[in-house]
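Think of it as A, B, C and D in the order they're written, each chain with its own count starting at 1.
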Amino acid sequence: MPHVHAKLRIMVFKHSFQIRWVDTDGAGVVHYSNYFRYFEACEEEFYRSLGLNFKTIYERYQIALPRVEAHCNYKSSCKFGDVIEISLSVGEIDEKTITYNFQVFLKEENKLAAEGYLKCIAVNEKWKAAPLPSEFVKVIRENRV
Amino acid sequence: MPHVHAKLRIMVFKHSFQIRWVDTDGAGVVHYSNYFRYFEACEEEFYRSLGLNFKTIYERYQIALPRVEAHCNYKSSCKFGDVIEISLSVGEIDEKTITYNFQVFLKEENKLAAEGYLKCIAVNEKWKAAPLPSEFVKVIRENRV
Amino acid sequence: MPHVHAKLRIMVFKHSFQIRWVDTDGAGVVHYSNYFRYFEACEEEFYRSLGLNFKTIYERYQIALPRVEAHCNYKSSCKFGDVIEISLSVGEIDEKTITYNFQVFLKEENKLAAEGYLKCIAVNEKWKAAPLPSEFVKVIRENRV
Amino acid sequence: MPHVHAKLRIMVFKHSFQIRWVDTDGAGVVHYSNYFRYFEACEEEFYRSLGLNFKTIYERYQIALPRVEAHCNYKSSCKFGDVIEISLSVGEIDEKTITYNFQVFLKEENKLAAEGYLKCIAVNEKWKAAPLPSEFVKVIRENRV
């Protein structure tokens, strides 16, 4: 009798925008540090899609989510005027940390420009590591299945 | 009997640094918005030369100094690797505001790259306009004579 | 016989977005230099609405538009999560320069946060001042009536 | 007869500066993306200590060094006014890539704030991967013994 494998449908949240002039550098491409701003912009839009933001997360769940690790692999340059689509998928969640994975696509060329992740740790109002509130995890996970 | 006019010798505080790659844009020159970061960097170094910074100004004098006006005229482009010297001189001080004037020089070419000003207003801990503390003004002015 | 004054209906281009976390500073408000990034973002969206951008302007009209003057008056602080609406209106156009006026509104409070302008000069491929191409001016003006 | 292993003394290049207000965010700490700007600032100062910069590297060796990977682990927050010292050590060098390792120290507390690396790939004037010129590698390595 065949197993019915539960399919894990990873929800991928997508956020698109056009590359701004100020984000380019003297080589005519997006400065590598800006991808980390883009990751966070996508994370903000993801929370926004859940009716949340850093401020309301702090108010409702008494946690902030500083990053403990940030990583990016660069594949293709993005240039001024390029439309990019950033996708966020929720990665590992353990007791105190949550990881978001990101991919940056050049939309017209349908080409991967960069991919990376942000690992965040929950901290309380004293900026001490704290368990991720189950309510918060539930909200995040519901967007995951 | 002739008056002896006190000569007002304007002290000019100077701060130099080299243009970073990240500050350039796709035209190979410093993005215009960055000059406002440079003005503030020079202001910070000016305070530092007085043993102050935004935090200690707030602690000692119970004021913050948000900007009410910012202006810049651009004369020559700055490029990656250029050494620039920013000069700050204290401009008008009235009851609640203080203006700092800035000039940005390209050091090697001895050429004016930009000039402008920041007009700041003193606000108290409730972020309401407040008189500039005379003690603070004195410290600033002593660098002016 | 009364003159019929042609009414000059100034077109105002509008661009809205939400304040990003990275744009705030230690005072919890948008750093003053970022408004100049916002002005340019609105200018980029304005061009985009005309099917243009800095690159295509350069390709079609052989001009770049570096800023010769930038100004901002700050009225109210913008905070993380605030939705702002920036309006651009075309100001003075003379032989070689074009000025864009900007207003930044806090949308929920319907409050003016800041207003200012960018004065741009047309330069040719040698980065020398050049007349604004009449074709370009026409495209810009048509959005003005 | 025992081998006498040449000891590899890793040269560490150091660069210090004070945290600017503009680099802090609404949590009163340096925004995580800025550490990648700091890494590059230290890399620029390292090149400068060798009489080089991105431009002269391109002119002399016909290569640019775009990043293919960037990573940072965050240990302690940096705040406005903190003096930090960034150390750079040259990591792995293979045919086409060079890795720089960075550590960010809070100088007063003598505490590690962050550490990470940048992996760069040599590209030629057509932005295609190219071997790292041996002359360049030699200059870099001489600072390594």
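Quick note on the criterion: a residue touches a chain if its C-beta (ideal position, glycine included) is under 8 Å from a C-beta of that chain, and two chains touch if they have at least 3 such contacts.
Bear in mind that the values here come from a model prediction, so they are computed numbers and not experimental data.
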- [ ] Enumerate, in label order, the chains that touch subunit C and subunit D alike.
- [x] A, B
Open item on the list: So, comparing C-alpha centroids, which chain is the farthest one from subunit B?
Closed with: A
TODO: Calculate how many whole Å lie between the centre of subunit B and the centre of subunit D, each centre taken as the average of the chain's C-alpha atoms.
DONE: 30
Open item on the list: Based only on mean CA positions, could you tell me how far subunit B sits from subunit C in angstrom?
Closed with: 26
Task: Sequence positions of subunit B contacting 2 or more other chains - done: 21-22, 26, 33, 37, 40, 54, 80
Task: Parts of subunit A lying in touch with subunit D, wherever the complex brings them together - done: 26-27, 29, 32-34, 36-37, 40, 54, 64, 66-74, 77, 116, 127
Task: Residues on subunit D engaged by subunit C in the complex (per definition of touch) - done: 21-22, 24-26, 28, 31, 33, 79-80
Task: Complex interface listing, subunit B residues touching subunit D - done: 18, 20-22, 37, 40-41, 44, 48, 53-55, 80-81
